[in-house]
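The next part holds the structures, each set out as structure tokens.
Common to both upcoming complexes is chain A, partnered first by chain B, then by chain C.
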Partner chain A sequence: MAQAASVKSVATRISTQADSKFQDAVAGWVFMAPAFLVIFVFLVLPMLAAVFFSLTNWNGIRPLFTGDGSFNAEAFEMVGLENYQRLLIEDGSRQQAFFTALKNTVYFVMGVVPVQTILALGLAVIVNQRWLKGKGFFRTAFYFPSISSSVVISLIFMFLFASNGIINQGIKAIFPSYENVTWLNDATGIIHALLGALGITRNTVGGWATTEVAGIPLWNWLSGPSVTMLMIMILNTWTTIGTMMVIFLSALQNIPGQVYEAATVDGASAGQTFRKITVPLLRPTTFFIITLGLIGTFQVFDQIYVISSGGPADTTLTIAYLVFRSGFDDQRMGLATATAIVLFIIIFIFTLIQRRITGGDKAI
Partner chain B sequence: MGAVTFDQVGERSPFQKILGRVLPVVGYVVLIIAALTQIVPFVLTVANSFKCLPAVNAAPAAFLPLPPFGVACKTPEGETLSADATSSGLAFNPAVEGYQQVFQQNLGLWLVNSAIFSVVVMLLRLVLDSLAGYALARIKFPGSRLLFIGMLGTMMIPAIVLLIPRFIILRQLGMVNNYSGIIIPLMVDAFGIFLMKQFFETIPSDIEEAAQVDGANRFVMFFRVILPMATPALTALAIFSFQGMWNNFLDILIVVGGNQNLWNLPLGLSFLRGQSGEALVWNEFLAGSVVTTLPMAILFFMFQRYFVEGSTYSGLAGQ
Partner chain C sequence: MRKSVLGVAVLALLLALSVSGLALAQETIQLAGWSSSDAENAALTAAVEAFEAANPSIDVELIFAPEFETFMQTGFASGDYPNVFYVDSFRLQDWASSGVLEPYGDQITDSEDIYEPLRNIFTYEDQLYCAPKDFSTLALVYNTDMFEAAGVEVPTTWEELGAAATALATEDVAGITTGIELPRFLPLLYQNGGSILAEDGSVSLNSPEAIQAVETFVGWYTAGVGRSPADLGAGWAGEAFGQGKAAMTIEGNWIIQYLLDQFPDTNWSVAELPAGPAGQATMAFTVCYGVAAAANNDNLEASIALADFLTGPEGAQLVAAGGFGPMPARASAADAWLTARGEEFAPFVAGGEYARPWSFPPGFGSFIDTFNTGLNEAIAGNMTAAEVIESAAEIAQEAIDDMS
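Moving on, here comes the complex of A and B:
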């Protein structure tokens, strides 16, 4: 009797356990369902579609489906790796456009990311000092620009850097001999300009300068960002250092005070403390900030769209802008998605390299 | 021990003493210059948005508003006043010409659209992100780990890669050039789910157990017990979403660029700039910029703590 009862109660227990397990499974999936659907349809599916369309020559106009809902076989052809070939290998206008955009984008990234990271860290270290009064004020002031829209910031910078604008007027007030720079429309590369000031020009450096690599003469590869691009780089740095400073600051505040006290007891100088304690402890944050910077700068688009549309002379044409231009202006969806995927791979590689350099792989 | 510490700190060389005096001064100078470069552009934006156009071009640096306020930029005969008539040195007479013009350009409609996109997306994300975040944090169900890893993976896809295929899918679904095309793809975001998951993991599980004993089912418990406890995380998520949508440009451009009635403020402003060609109507553009930034600025000063926390959270997400 007693045995039977206990067997029965075990059975019920098992069944209620199975029951609650089943209920949990249902509840879990019901809770997840809307999020899962949206992420699948608008993130995962597009990613797969990007890979697929990069292998086609679809122009984005011919309908993918016919009137009765069946697939329209004439919408596009599978062209294999042709789009990638035209971007990367085959001589021609597509290759030239891609490598121009790559050159501009890399100058942009290499200029902005180190500068914004170092400035943000420097400001955070100062704001974190014990003697500093008005921490709240400085944090607010630095953070404020990042709440504003990229379009608004672009308009403000166009206003400040206009040929008769405040920046030019200000420089002229300090250096009367200054000749106005047309910041918004100057294709001169700044490395070219600096070399030119030293008397080094395309004609004086020798024949190698005219050798073309990927449709672009070597001399032009070394142009540096154009003056207009430089202005957009300043804009980008200016907007992002606030947020990055705040992230650095909260990481600094998480370092226990005892660590510094111990270092002081051991007679470490301020410089030593910074190098041997602050920098290593900030490693994960630095890795994160640089990753954020790389992903953001490699995709720079809004500012280019508003300020320069890729000009002057394609010197602000970035890869992201090229994706937009080939897709929506040239109606080449296949080529545009291939460009985007190459960009994805480039960002991925850069992130891996910087993980090695900053030691992000060890820190996490 | 403590005495030793103080002694050692006390033994500073004269050089260190001077350094201790000089460093704070240098620090303040650097911070003040940096803060000025961040603030001055906004001050000049507001000042110039209230100038007559000739005064913007001739005296962009004038920032002191002097009476008479609300001057007319044209004579009764319709002639434009010269820059000297409304500005001198660093002072100017405020006018509302820029605001009048930009509101004639449909700014009101863009403002309404910005508000609709931001509020609707924010509310949907609050519900859907926290539902998903809760499931991932607290419910054991098959596939949950895989879902979580997959979701983290999607956070690494650059937006520009999704640009064209998302447009293609939206067009196939008939969602281009209407509200649904903006709202539905953005009503869930992986970062928000991650943020809510992290938060729910900090809630002690006895609270749920107590509620379960009372016979509450998961849904009732979630909305009655768990969600009200999540107010800090929800506030940070709300602000993060609102800000992202208010300033969204690329999605709006791609999805509703062809339908003027659905433009938001950033897209409208970029259109004004594009339309103007070489003749840039600065007081009008800057007035539009002020109208676009003002709601965010008000929110920022009301909820500053949560803005900063949102960024800090995103910093944690990276770790």
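Moving on, here comes the complex of A and C:
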């Protein structure tokens, strides 16, 4: 009898334990449910939908659902990897457009990311100096472009860089022989322009220049960003520096003062302290900033939309803008989503490479 | 606590019932478009109110959507979009072929009265899909002071236009400015006897006539007598012209009100576009009131009634009397428009007789991009006229192959 009672109590104990574990689990899931739901609806679902539509020939117009809510089977056909094939492999206008966009985007990234990182670090170091008066003012001034609307800033830049705008007039006032540059509509690549100044043109470099790789002649691959793209690069650098400066600044203020004191006691010069202490200790932040910069620049869209719509002569057509153009101007939603997925893969690979180089994997 | 929850539930139920009760008695249809000038918006609102007064059981909700085409496209995708909406002639074939439009051509009041070129624009696979709201054509806009000062006559052929541009061009003033884009170039192509598509729908762009037309257009710019609006520091050709930086431009009806409002001191006039060897041609830009396809439209009859009211003889008179930039699509209202707007704008109306549609088969978006790029590249000296035509013809062929 006594034994039976004890068996029973053990059983009860076990079952209450199991119960409370189960209850914990339920409570856990319930608490996480809102976050899961939001992530699922706004992140996972759209991504899966994008992958799905990249395998179809949907034109973005045919209704997916009819009025009574039932699925419209005639909206699209599955075409497998055809969209990817046309973007990447098959000769034709799609491939040409994609690689033109890739070329422009890579020039954009290579120009903007290093410059904005170095300038942001420089500004952060300056506004972090103890001797600087009016720090608050400078921090606000440098940060201001980042919190303004990029559309408004783009419009202001269009006024500044108009062919009779302040920039051209200013340069003309200093150099009277300067001929107005049509910043907003000049398709000349700056590397081409530099080479041209040295007397090197398409016709003098030899036959390889006309060899086509991915539908684009080699000579055109080497164009560099066009003048209009350069202007958008300046704009983009200027607007993003502020945010990056603030991140660098907070990291700088996290470096303990003792480290610098010890260096000073050891007789390190200001330059040595910067190179041997500040830069290495900022490595995790630098990784973070370059990653942000890479993602932001690879996806550049709004300034292009406002200023140039991809022109002149497609020299400001970026991959993100191409996605929009194929999806909404060209009515090829399948192709547009395939482009977006390729863009995602490119960013992913670049981030991995960049992580290797800056040693971000060790720092985090 | 429990009581108040119950109270809320009962209230919600009552509300839902009353709303659905209202809906039974009253049909609501949505009318979507983009915002034009304040005066035009007010006129449309007034026309809609007149329709509501005549049809008390129908409520019209007017939506002016920014980024209109993106707004519509996302609506189409979900199958839930406005009952009546603007359709740009350029989009008609894309939208009609996707089955989002209900063709109501046979229910339009006196459709013969609508200009034939306009009816053709909105016809897809032998069905008239919708009735045009109004239209604009391209004409030659010129600065009368500059013409007088230089002693130049209004050009009637492209050679004369080239000569006039050369005579008018100075250090600071371009002889002519236009957007470097397909619609400004197409009249030259048509007037030279070229075409984009043959009768049977095959690509006929690659022809000596087309190459010659590109050479003429590009020639103005490479010779320096033509300059692009961006080059003149302006956002578009109308602005450059108004500022007195160009003696001529090729623009549509929308430039009228713009110049009157923004540049009242500039003296200008309008002429029909010069003619080419194959006669006269201009471009017509027009918008119709599309009606949502039956499958996605629960108020089909009311929708068609609204579209027909707005575009019918009465609606056309309203457009005409307003004297806005765009002209009424009905010949019967042309005189009323000229009276309201001014007889000097007759060249725009004349274009209605021989205008070609700004409209393409489905999937021709990248054709336009390629052509625009080609024209820019040719002016920059990176492409020849033949290469421009060849690359555009290739893309056109690709788009057609894609769709078949």
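As a working rule, the second predicted complex is superposed on the first by the 323 of 364 C-alpha atoms of A that agree within 3 Å, B and C clash if a C-alpha of one lies under 4 Å from a C-alpha of the other, contacts with A are read in each partner's own complex, and residues count from 1 in each chain.
Methods note: a contact is a pair of C-beta atoms (placed from the backbone, for glycine too) under 8 Å apart; a residue touches a chain by one contact, two chains touch by 3 or more.
Just so it is clear, the structure is predicted and the values come from calculations on it, not from any experiment.
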In the superposed model built on chain A, check whether chain B and chain C fit or clash. clash
Counting only touches as set out at the top, which of chain B and chain C does A:F65 meet: first, second, both, neither? both
Is A:A187 in contact with chain B, with chain C, with both, or with neither (first, second, both, neither)? second
Looking at the overlay, what does A:A162 touch: chain B (first), chain C (second), both, or neither? both
May I ask you to name which of chain B and chain C touches more residues of chain A? B
Quick one: classify A:I147 as touching chain B (first), chain C (second), both or neither. first
For A:G80, select first, second, both or neither according to whether it touches chain B, chain C, the two together, or no partner. neither
Using the superposition on chain A described above, determine whether A:S93 touches chain B (first), chain C (second), both, or neither. second
Look at A:G311 in the shared chain and tell me whether it touches chain B only, chain C only, both, or neither; answer first, second, both or neither. second
Out of 8-16, 44-52 or 62-70, where does chain C collide with chain B after the chain A superposition? 62-70
Output the chain A positions appearing in both contact lists, the one against chain B and the one against chain C. 60, 64-65, 162, 164-165, 328, 333
Listed in rising order, the residues of chain C that touch chain A in the complex are 69-70, 73, 76-80, 94-95, 98-100, 228, 230-233, 295-298, 362-363, 365-366, 369-370, 372-373, 376-377, 380, 382, 394-395, 398
For the complex, give me every residue of chain A touching chain B. 21, 23-25, 27-29, 31-32, 34-36, 38-39, 41-47, 49-50, 53, 60, 64-65, 119, 122-123, 126-127, 129, 131-132, 137-145, 147-152, 155-160, 162, 164-166, 169-170, 238, 242-243, 246-247, 250-251, 261, 264-265, 267, 270, 284-285, 287-288, 291-292, 295, 298-299, 301-302, 305-306, 319-320, 323-324, 327-328, 333, 336-337, 340-341, 343-344, 347, 364
Residues of chain A that touch chain C when the two form their complex: 59-67, 72, 74, 92-93, 97, 162-165, 182, 184-185, 187-188, 310-314, 325, 328-333
Within their complex, chain B touches chain A through residues 4-5, 8-9, 19, 23-24, 27-28, 30-31, 34-35, 37-39, 41-42, 44-45, 48, 57, 60-61, 128-129, 131-132, 134-136, 139-144, 147, 150-151, 154, 157-169, 172, 184-185, 187-188, 190, 193, 218-219, 222, 243, 246-247, 249-250, 253-254, 265-267, 269-270, 273, 280, 282, 285-286, 288-289, 292-293, 296-297, 299-300, 304, 307-308, 311-312, 314-315, 318-319
